[in-house]
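Both complexes below contain chain A, partnered by chain B and then by chain C.
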Partner chain A sequence: MRRAVLLLALVLLAGCSSGGAKPKPSDLNNQPQAGPYQGFGLVPPLPRPSFTLTDTTGKRFSFSQTAGHPTLLYFGYTHCPDICPTTMADIAQAVAEQPAAVRSQTQVVFVTTDVKRDTGHVIAAWLRHFDTDLPTKFVGLTGTQAQIDAAQAAAHVVLAEDGGQTHAADVLLYGADDYAHVKYLQSDNESDQIAHDLPLVSKEASS
Partner chain B sequence: MNRLRPSAFVAAAVAVVGFAGLIRGAVPQAVSGGLGGAATDPIVVSGAYVREPASPDVAAAYFTVYNTTGTDDTLISVASGAGESAALMIEDASGGMQESAAGLRIPAHSSVTLKPGKGHVMIEHLVGTLRPGQYVNLELDFANAGPVNVSAPVIAINAEPPR
Partner chain C sequence: MNWTSIRPWVGTVARVVLGGIWIWAAWSKLGNPRGFVQAVRAYDVTPEWMSKAIGYGLPVLEVCIGVLLILGIVTRAAAIVSGLLLFVFLIGLIQASARGLKLECGCFGGGGTTIGSTHYTLDILRDVGLIAVSAYLVIWPITRFSIDEFLARNDQVEMPSAKRMRSEQGQRKYNAMLEARRREAEIRTRYVTLALGLVVVLVSVIGIGVQANRAKIQGDVTATNASVANGVVAGKSNAPVTVDVYEDFQCPICLQFEQSTGQDIAAKIKANQIEARYHTMAFLDSASTGNRYSSRAANAALCASDVSVADFVKYHDVLYGKDSSGQQVQPAEGSHGRSNTQLLDYAKQAGIKGNDLTTFQSCMSGEQHKSLVAAITDKASQRGVSGTPTVMVNGNKLGSVDKASFDAAVAKAAAKASTSPSPSPSGSTSTSTSTPSP
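Take a look at the complex of A and B:
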């Protein structure tokens, strides 16, 4: 009985917050938007950065290899219980929902902020949890601390601290035009936001 | 409750009723991970889940805590059978995640939700692989309500959290 009352109260409260004169911001959804995007619009847009790191097979990987493709870039670490795996799952879900043309051209690049623990093997094993059903496998990158710092600086994200455990939660989405017009932060509907915006920055949209 | 005053008998009676409620509530809760307690429970935990971890040795548990009483309560410690250590991690003022030293306050007649980016129970040194369909046992210890047992289902890595 009390449960029913509690639920009713929650429903009423929810009704108030969306229809009231002074809406209460829920998560990130009421933040200002720029343009057609559901994520955080970037004005001015950020150019696709140039940096070279090492992929999970030990080969050099230049981020410019992703040029011309919609690309999601995220910095994090694998020994992360909370935001990092949730964010990667959100990204994977958003890519999986795309039409085949967008899905296959979308690149996802994960750069570790924990260079001590995240070897190529550790990153590869972690990423396979997310991209197994996707046509284009996620790219995992590591490097020296100086290289990782330089990559974060090039991407205009706040440099990670505490051995990489305190890091920017931003997911940057670069378009086929090689600019990031939008970025994302962890929220209940991050996946829906990315899924909405991906077609807008794909080749079909910008040509 | 070191000295027995007349009111202590009332409190003790309430406590007995409360514990009985917890035991009753533990049965459906263990099955569904959803709203568990009877109406008399001071603390009700719902929507508990653990996302299947991508890392071999660390996982996070999330849930909503309802304080049904008229007195603020505090989640002071957590324990889990799924790993060697468990810690309550709460978003700090700068947006980072810190182990909560003072515990998590649950205001009277209110709820607090631990969700990605806001807070979680970090379970480290997992004793085995966690797979969807399994359950993770949590013991949440509250300053007033005492220990509350929660059985959190492991959801697939790309699954929507239970509501």
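Take a look at the complex of A and C:
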């Protein structure tokens, strides 16, 4: 009973302070929400980082090329037994669920943390498991250890160690406004969370 | 307590003191834009357009720098600009001192030629000290209680444990994070500096416009027998030699000059040897305690010129002479200037009476020629007259203002005029810019 009263008071207080429409609480994760997202809100939002790495065909790829598009950024490695493949599969599924306009815009960028084993060829072959049915193919990136470190630091994720096998599992979603307002962690709901939030950060939704 | 922990506090003090000095220095200059332009001209190193840009824009720029320093935003850039400005001032002071110009610094308002001793050594030492304070802030721009400190609050990267730092992996990670945060800070600083720099430039340019507008002389600058360009002209225009006399009724050296050479000038006018143009300047208002004798006397003299040029000359002679009770009319510098009642008495003494006296009284007490006085003063400054008395014979400045050199210059100019059909500038006088000061 006391708890209910307290909750009511809190709701009233919140109503007083915010005034406007309150974002719907997330039913896809158990964290307090920031904004209308179902993933984990980032306050303050992280700006889209700039780093340059090498893509699977050996060409230089600047992350700024994806500017203005909703972009999912993930750091992992291809020999990863569980988290990396499931995360990539979740991302692929979420993108596939989107309406055509959002689906064709959305960019997915995978950066390897295991520079020794993950050559361009290996990454390309691995990514093809996930993006075969999608209109916009996933981008796989590699580089020198220093470049990979710099990219992770620029994206504000914890730097990987142990040859890339201990790495941050965060999936960062940068919106059309070039800010990441939300990120995702490996869970049963990850795909639904991404699917819910993608239209919110794409240009169609904001215009 | 050690140096590392004291340093940012020292920086805070340096920042606030330097910023305060900039704002203080700008304040009185902002209030008197025309006066500061005249002070800049007196340094005699800038062309007219630049003197104006500096005179109007510099105080605004100084306020901007002061505000930035006190807020502690873009401290390094503000300190660099501060140091550069001070360096330019230093060069200006050194050149003025080396050329023997007797100037007041004008650093905190005022300026122009000074009567007393110059304080170049003190001014230069103060400048060097402030440059040192600026340099401190350039080297250590992050100070306590500053916006810069607030903006950099998230730039720190936690140092891992000592054990972890010994491992190649830990060190690599730490360095990568450090480098990333450093780059972000650099980009942020660049944008903030560019944006604020743009704002400061815009504000300064707008400030030039605003100050130029405020410096404009409002009101009527015409009079029956006086003009901005020529002052009051006594004598005939067909006289072979033209003499320009720039005087301030408050200036003691003008008094000396008038007492030694005044009768000589009057005689030469009468003999139609010269045409004298009296430029009644007023820039020594600060020398009388609050009642602006310099301006009021110049105005009264112009009011006398409305009656007739002859009355102007008589009134002018009374102001440089003695009153009916035999006392010297010119008030001592730093004393209370003569009252309007006294200025009216001098008019009676000069022989103005009847309706003319009534007209004179209303003109004098209402300061009807206030704008004209200001315009004549500014015109003189534009012509490079930075002190009084300045005497020009056919446009050539007299090197030393005394009877002997005046007579010599007039004689030489007259000789030249008689050989050539049109009066031409005489080369007899020194072109040195140093003139005796008030």
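By definition in this document, the second predicted complex is superposed on the first by the 179 of 207 C-alpha atoms of A that agree within 3 Å, B and C clash if a C-alpha of one lies under 4 Å from a C-alpha of the other, contacts with A are read in each partner's own complex, and residues count from 1 in each chain.
In this section, contacts are C-beta pairs under 8 Å (C-beta built on N, C-alpha and C of every residue); 3 or more make two chains touch, one makes a residue touch a chain.
Worth saying up front: this structure is predicted, and the values here are computed from it rather than measured.
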item: When chain B and chain C are modelled together on chain A, clash or fit; value: fit
item: Which of chain B and chain C A:D188 touches, first, second, both or neither; value: first
item: First, second, both or neither for A:P199, with chain B first and chain C second; value: neither
item: Which of chain B and chain C A:M88 touches, first, second, both or neither; value: first
item: First, second, both or neither for A:H79, with chain B first and chain C second; value: first
item: More chain A residues in contact [chain B versus chain C]; value: B
item: Contacts of A:G41 with chain B and chain C, given as first, second, both or neither; value: neither
item: Which superposed partner A:G68 touches (first chain B, second chain C, both, neither); value: neither
item: Chain B versus chain C as contact partner of A:Q152, first or second or both or neither; value: second
item: Closest approach of chain C to chain B (Cα atoms, Å); value: 16
item: Residue ranges of chain A touching chain B (in the complex, touch as defined); value: 1-3, 6, 78-83, 85-89, 92-93, 96, 125-127, 129-130, 166, 169, 185-188
item: Contact set on chain A toward chain C in their complex; value: 145-146, 149-150, 152-154, 159, 161-162
item: Chain A contact footprint on chain C (complex, rising order); value: 169, 172-173, 176-177, 179-181, 183
item: Of all residues in chain B, those that touch chain A in their complex; value: 35, 39, 44, 51-60, 66, 68, 89, 95-97, 115-117, 120, 122-124, 157-158
